[in-house]
Structure formats: C-alpha cells, structure tokens
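One chain, chain A, links the two complexes that follow: it is found with chain B in the first and with chain C in the second.
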Partner chain A sequence: MKRTLPILITFVIGVIMVGEFFIPHWRYRALTGELLEWGIILTAGAFILGLVNLIQVHLPTVVERGTDWGYKAVLLVSLAVTLAMGFSNGKQRLDSGMEVSFSYKWIFDYVYVPLSATMFALLAFYIASAGFRAFRARNAEATLLLVAAALVMFASVPIGEGVPVIGEYLVALKDWTLDVPNNAARRAIFIGAALGAISTGLRVILGLERSHLGGD
Partner chain B sequence: MLDLLLRFQAMDRRWVFLGMAISIVVPMLLPFNLPFKVDGRVQDLYDRVEALEAGDAVYISADFDPGSRPELEPFFRTHLHHLFRKDVRVVMGTLWPTAPPLVKPILEEIAGEYDKEYGRDWTFLGYIDGRELAIKSLGQSVRKTYPLDDRGNKTADLPVMLGLDAIRDFDILTSVSAGFPGTQAYVLQIQGQYNLEMASACTAVSAPDYIPYYQSGQLFGLSGGMPGSAQYEKLVYADTPEENRPRLAATSGMNVLSVGHMYIIVLLFLGNLAFFLTRGGKED
Partner chain C sequence: MRAFALRALGLLVLLLALLVCGVVAAQPASDDDSAASDDDSASDDDSAASDDDSAGDDDSAPSKDIASTESAEVDAVTGEAEAAEEGGAVRSEQWFGSADTEEGVPWGYFTLLLLILTTGGLMLYFTKQAQAGKEMFIRRMPGIDAIEDGIGRATEMGKPVLYVPGIDDLQDIQTIASMLILGQVSKTIAEYQCELIVSCCVPIVREVADEVVRAGFYQAGYPDAFRPEEIRFIAADQFAFCAGTNGIMLREKPATNIYLGRFFAESLILAETGYLNRSIQIAGTAEATQLPFFVAACDYTLIGEELFAVSAYLSRDPRLVSSLKASDYLKVAIVTALLVGTILASFGNTLMVDLFSLTLPGN
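For the complex of A and B:
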C-alpha cells in the first residue's frame, strides 16, 4: 500500500494532465486547474521543509563547534533575522498597500543586492584568469572552441563590429556561428532531452520508474 | 622573448584580476561612444511592440535578481517606457522570490512618469511559487493563479484585467529571464500549447540557448544580455531628443563590455602564444 497508492495517484494525475492537451473542454480545464493549484500549494509548502532541513543540517555543527561552524552560524542568524523582518509588520504591510517593511527592504537593498551582484561580478575576473591560464588550443576541438569563443566575444561588441573593412564580415560570421552550428547542436540536444523526458514521464506515470518514491 | 613569455605564463593571477578591474573602471571614468548595429532579433521584438495599439495588453514575467540586473534591468526599463508610451495595459508578475523588491519600484516609477493609474493601466501581481506549475496555471487563468494582486486587491476586479484571464488573452507575453524558471519554462509549458506571441530578454549566456526558439517562431523577438538591451534602447529612443532621454545604462555599458572583451581576447592570444612557443603546440 505504501508504494501502490503513490503509484496509483501518479498514474491518475499524470493521465489527467496529459489529457488536457487533447480535451479542450472548459470542465476538463477546470479539473486540471484545480490540480495545478494543489501542486502550487504543495511546492510552496516545500519552503517549510527546506527551512526545517536547513536548521537540521547546520544547527548541530554550530552547537558542536564543528568544521566551518562560524559560516553556518552566520547562515542561521541571517535566516532568523530575515525571517523575523519578513514577518514583522505583516498586517501593516497588507493594510498599507503591501509596501515592504523598511527593515526588510534595508536587508534586501544593502545586504542581498550587493552580495548577489558581487558574486556575479566575480565571474568576469575568474573567466579572465581561467581563459588566460587554461583555455589552450591543445587539439583540433579545443582550437575550434577557442576560435569560436574569441569570434563571438569580439564581434558581439562595438569595438569588434567597428573594425574597418572586416568588421561587417566578422559580425556575419558570428551570426552564422550562432544561427547554424550552434542551433544545429542545440536542437539535437533539445530533441534528445525531450525524448528522454517523454520516456521518463511515461515510465513514472505507468509505475515502471519508482526511484522518486525513495527506498524502503 | 621566450623568457618573457615564460614569466608571463607564470604570472600571479592577481595581475590578471588587476588588468580586468582596470578594463572595467577606465571606460566608466572615461566614457566613449562606439556605434553599434541592431540585431534582427531585437529589431523584430521592437517592431512587434510598435505594432501594438492603445488598450492592448502585455503580460511581463520579470524573472531576474540583483546578479543579472546590469544585463536585464536596462531592457526591463526600456520595455516599460516603450509599452506605456504606446498606452498599452501592463500586467506583471514574477516567478523569482528575489525579484519583487527589484522590479516593483521600477514599474511604479515608470508608470508614474506616464501618469498611469494603478489597477486601470497597470498592475503588479507579485511573486508566485510553483515554477512550471505556476506557468501552466497562468496558461489557464491569470486570475486564478493570482487571486489577489500585490496590493491585496482582487485581481478579477481590476479594470486593467477587463477581458483578460488566460495568458493567451494578452497580446504579448514578455519574459525577462535570468534563468530557471523563465523563458525556457514558458516556451516548454505554455507557448506551444496556446500558440502565444512571446518575446524574451535574457542574459547573454542564455541567448544561444533560446535562438532555436526564435528561429522556429516560438519567440517573435529575443534580446540577449547587455548588447541586446543596448540595441533595444537605441531603437526605442531613436526619436527622443538627447536631453529628454533617461540614462541609457546598457548603451553606456557597451564601452565597458568592449574593453573587457578585448582584454580577455588579448589574454587568450598571449596565453596561447606562450603555450605554443614554450611547448611547440604539442598536446600534454
């Protein structure tokens, strides 16, 4: 029963959702709409599970002063403070037109935004360093990749586009690289992935694939 | 020469970082303007928005965070200017929990500049969790997916939603997307099923992924990264006198991008030159 019931639920829901593509009746759509709503509520509920999991994983290390306990403490304190700020003035926020509270906005503007932007900006430095130290034309494939990368980078910006005489051709070559070989490869990947997803979906619906139910 | 190249190859990476920092900071301090052309994908996006008529409706899914802000915010701002200038109704939601504090003030600011009234000309529906499920649900009914807007009003009662429920009731769907859930999820979940007219503004790294969707007609337009945003700015503000233009963030960012790209290309060239001269190009 522990395995049969989830398989049965998966089969029924899966068949109903697939049927939506073939039965364009409003009653049927109302049914699938209801199921989608349940799904959205369930995924929102996963936030609570995530919260509990985060505490379960990191709190013991902090208490026992384990490896990197300081970082984990920062994580848990940040979590608690942001959560408290998010919950505080909740009613007031709703009544005043859902403006975010000052403290929560402050955390977002002056902590989250700079940290997130910094993490992303660091990529430029690491790409430059990795490109210089590791991106070598060691064989034909690496050479092709190197030439394509340099061409797309150069012709995508005004400095490359504006090179006298050849700038126009570089842009045309860059466009061709993106539109033809790039697309051919990506289409192949997309179609392969889609066929794989269809086959996995069918296996899950038919109960042949059970790994998502976990082991006993 | 060989000795110099060997020393260059073994250079501390902090010098590389310093060079990158200079390549970014100098064009910011000493701005210069290099002309650039508009890509066909951005031109198509612009042309379709231009063809909208007053009263038409656009749904914007603003799915980005502070990390992708420099690439996508310029497009987002310019798109809102473009839409409000055309007197188009704007309904916006987001699938990213970190997006609302970022996108809501911008929407409010630009709507205010055009004297647009909340609830009648535009609305912000806020954040919805559920990823693909939320997208699928938007395909069926925006009103049911977002029973209340960000201000706690009933979505169905808002005048801006008159005649709008399922996403296909909107004339255009614009996905401003920094990753998942975003453009690809919209295309896979609902674009094909409902044959939506959809455009995407994405990060530069995602653009090659979405070109097949543009070629197949699933996206009518595509703006990739900062260059795409700069090209869109160029089109939207082409007839606006310079003194009346807002600060064109992507256009000014193109200088930084130009020098930064050149710096990386020079590093690639020198690194490979050193590799070939010192190892004779033989594989390890």
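For the complex of A and C:
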C-alpha cells in the first residue's frame, strides 16, 4: 500500500494534467486549475521547510565554532534581518509591484541587486576561460568548432561586416551556418529531448519507473 | 499485466468521478451568470415592448430606440466578453483541441495524442516482452558510465560527490528525470560508502531529493549512513544559489560534480568553478542553450534525450530499458514523417504540415 498509493495518485493526477493540453473546455480547466493551486500551495509550504533546512545545516556549525562558521553566521544573520524586514509594512514598491518597507527595499536595491549583478558579470570571465580551452585546435572536430566560432563572432560585429569585398559574403556565410547546420542540430536535440520527456513522463505515470519510491 | 490493466481501468473510473466532481463544483457560478444574463435580456425585451407602445406618441422615439438598441448590443457584447474571459483566460466550450481555434479539425492534437498513446502502448508491449525474458540491447553511453567511475574516484579520495539537480521547479520534466537519476546515484553512493551532497535551488525539490536519497540508502542496505543535512537548500535565487554551490565546491572540495537537470546562465559558472577545483564533472541537460557551456567545461556531457535515458541505463531494469526501445521506435516514425513531409511540402502538399500543426495558447 505504501508503494501502490503513490503510484495510483501519480497515475490519476498525471492523466488529468496531460488531458489539460487536449481539453480546453472551461469545466475541465476548472478542475486542473484547482490541482495546480494545490501544487502552488505545496510549493509555498516547502519554503518553510527550506528555511528549517537552512537553520538545521548552518546553526550547529556556528554554535560549535566549526569550519567556516563565520560564513554561516553571516548567512543566518542576513536571513534573520531580511525576514524581519519582510514582515514590516511599508509603501515602497518593487519592480514586481509588491509593496514593502523602506528597509526591505533598501536591502533589495543596495545588497541583493548588486550581488546578483556581480555574479552574472562573472560569467564574462568564465566564458573567456572556457572558450579558450574549447577552441584549442587539438583535433579535426575542435578545429571545425574554432573556425565556425571565429566566423560567427567576426561576422556578427561591425568590423567583420565592413571588410571590403568579402564582408557581405562573411555575413551570408555566418547566417547560413546559424540557420542551416546549427538549426538542424538544435532541432534534432529538441525532438530527441521531447521524445525522452514523453517517455519519462509515461514511465512515471504508468508506474514503470519506481526508483524515486525506493525501487521494487 | 492483467492486474495492471484492471488497476488502470479502476483508476480511469476514479478519474471520471473526479472530473464530474470538478464540473459540479464549477457549475453554480456559471449558472448564476447565465441566469443573470437571461434576466437582463428579459428586461431588455420588456423595455423594447414599452418603447414600441409609445412609438406613435413621441417623435423622438426612433432615435431613442436606436440608442437603446445600440447600448443593449454593447452590453451584450461586453457580457459575452466577460463570460468568455475569466481571469484573462478564454472560457472555451470545446472538448478537444485548442481554445484559440474555434473552426476546423484540430489534426495536430489528434496526432500528438496518437503519438503519446502509441508510446504508452509500445512501452507496455516491450515491458511484457522484457518480463517474458527477451534481452533488450542498450548502447554504451560513456557519460553515464563515468558516473559510477566518478563515485569510485570520490570514494578513493575520501571526498564527497556533489549532485546539482538544476534550478527549475519540480514540475519540469528535466527535474523529474534528475530526481529519478538521483535515486540510482544515491544507491550506488551508499554501496560505495561515499559522501553525497545535494545542492538544491527550489525548496520542494530539496524535500523530494531528501526522500529519494533516503530511499536509495535504504535500498542499498545502509539506512544509517543517510545524513539529511547533506541534502541542502541553498537559495531560491539563481545567482545566490550559484554562489552558495560554488562555495561548497571551493570549501568542501568534492571529487565529482554531477549536474543533471535544467540549467540556465549559472551552468558555466558552476562548471568552471568545478573545473578549477579539478573535480571530475558529468553534466546533462536538454536545455540547448546551455549545452555548449557544459561541453566546454565538463568531462562528460549528456545531450538532450540522453538525460532521460540515464535512470534506465543505470538501473538496467528491463521494464525501463524497454521504454527506451519504445521511444526509439517512435523516433524512427518521426524521422520517416519528417522525410515524407519534406518531400510532400516540396511538391506543394501541406498534408503533413496540417497533421503536425498545433495552436498553442498565446500564439
């Protein structure tokens, strides 16, 4: 029963939700909408469990002065302060339309946003280092990759387009590379992934896949 | 098989019962709306009748009639629009196809439904064959073999294995596939007596990962070795999660990093940090935009559909391997349809285009 019940629930809910794609009738959508709301409530409830997990993982280290306890203390203090600010009322408006207190908006604007932007900006350096390794012409495939990447990059910037005589041919070749071989490979990946997704979904819905329940 | 068919039949009955419940629950509001609109139209009829009576007495009556008729039409249109839209969504009366296509046969939906039913049928057929003892061949996939090698390496080095199930919600199929793989990976890790850290970006994914890893350790026969504090919720924000996971890599020095699931801009930041940490890295995603980053920075990359085959490959369960065979047959059918469609379209015939056209909401 411990294993059969989850499989039964998965099957019924899975079939209903697959049906949503094929049945646009508003009565059916009312039913699936209700199920989706249950899902949203579950997801929201899981945030409380996430909070508990953060405290369970980091608080003992801070209390016992374990390795890197300072970082964990910063995390817990930041969590407590942001949470407290989140509960206070205010009339400041975030981009999402949510009204928050001045202190919460200050944390959002002057701590959260710059930190996120910094992490995102680091991507440029990571792309450079990964590109340097990927574009080393070690074999025929890597050389082909290097040539294709160099062509696309060069023809995508104004200086490439402005090269006398061959500039327009470079752009045309770049467009062809992106539209034909690149697009063909992408579509093959999409079709394969879509079939894999259907297959995985059906395996779970039909109860063939049980590894998430601890196997047979 | 027969028991499963009976169970499936019983569940379909339950499904219908649930559907009826949903319909009944949604019924009163619509009845009230329609009753109210009926009342409105009845009062409009009354006023029209009284206007007719007084028409001969008043010269201005015709213009008043026109005005009232126009306003009634506007009200009717507004009322219909309100009835048609609830919360921004079209309240369709159709029972099959798309809410946006009111005319014509929705062939694309029939085709897609047929594909899904065919896949399900083939899966059940091959499962039956596998249960009867027929061998199912599955090609070697070095990326998946490397998972076990990586776990062995981590065990020898006495370092943990880091598993990242992507940053998307649990309803995403790639996250679901990742959770299924985590079940197999955690079982192998428990058998090797190695340490596993799971880094999650979504709280509900952490809860599911917790259960999956617990089940894996239990199944391997080492339930006491399971440490729930190693299944960690880092942060719900993409880059905060990325920074936290990078911190784990740099401080706890995992020997093997496994990234399986749906990734976005954080993919390269994670993979490059793992590369600098000299970890063995195995990645897999169906997100085409992130695949080049993983290919550049990881030792092994599972591309697209391979991600969905990992669970079957690792478990070697004939039922799961048979499902791969079913999807391979479907792939052959789709490639054939593509070739036929290309030839037909070249001659101006749009039969295959119509058969595979879907009107998705918002398009």
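Just a few scattered comments:
Please note the rule applied: the second predicted complex is superposed on the first by the 192 of 216 C-alpha atoms of A that agree within 3 Å, B and C clash if a C-alpha of one lies under 4 Å from a C-alpha of the other, contacts with A are read in each partner's own complex, and residues count from 1 in each chain.
Please note the rule applied: contacts are C-beta pairs under 8 Å (C-beta built on N, C-alpha and C of every residue); 3 or more make two chains touch, one makes a residue touch a chain.
A quick note: this is a predicted structure, and the numbers were derived from the prediction, not measured.
Of the two partner chains, chain B and chain C are each touched by A:Ser116.
In the superposed model, A:Ala172 lies in contact with neither chain B nor chain C. Residue contacts after overlaying the shared chain place A:Leu213 against chain C, while chain B stays out of touching range. In the superposition on chain A, contact is made by A:Gly39 with both chain B and chain C.
Residue contacts after overlaying the shared chain place A:Arg29 against chain B and chain C alike.
In the superposition on chain A, contact of A:Asp68 is made with chain C only, not with chain B. In the superposed pair of complexes, A:Ala150 makes contact with chain B only, with no contact to chain C. Contacts of A:Gly131 after superposition: both chain B and chain C are touched. Of the two partner chains, neither chain B nor chain C is touched by A:Leu59.
Overlaid on A, the two complexes show chain B and chain C touching the same residues of chain A, namely 21, 29, 39, 43, 47, 112, 116, 119-120, 127, 129, 131, 133, 186, 190.
Residue ranges of chain C in contact with chain A, taken from their complex: 4, 7-8, 11-12, 14-15, 18-19, 21-23, 25-27, 30, 86, 89-99, 109, 112-113, 115-116, 119-120, 123-124, 127, 169-171, 173-174, 176-177, 179-180, 183-184, 187, 202-204, 206-208, 211-212, 215-216, 218-219, 228-229, 231-233, 236-240, 242-243, 247, 251, 265, 268-269, 271-272, 275, 286, 288, 291-293, 295-297, 303-309, 311, 315, 319-320, 323-324, 326-327, 330-331, 334. Those residues of chain A that touch chain C in the complex are listed here as 8, 11-12, 15-16, 18, 21-31, 34, 39, 42-43, 46-47, 49-50, 53-54, 56-57, 67-68, 71, 112, 115-116, 119-120, 122-123, 126-127, 129-131, 133-134, 186, 189-193, 195-204, 206-209, 211-215.
Those residues of chain A lying in contact with chain B across their complex are 21, 29, 32-33, 36-37, 39-40, 43-44, 47, 94, 97-98, 100, 105, 108-109, 112-114, 116-117, 119-120, 124-125, 127-129, 131-133, 135-139, 146, 149-150, 153-154, 156-162, 171, 175, 178-179, 182-183, 186-187, 190. Those residues of chain B that touch chain A in the complex are listed here as 13, 16-17, 19-21, 24, 34-37, 39, 65-70, 98, 100-102, 126, 128-131, 133-134, 136-137, 140-141, 144-145, 150-152, 193, 204, 208-209, 211-212, 215, 227, 254-255, 257-265, 267-272, 275-276, 281, 283-284.
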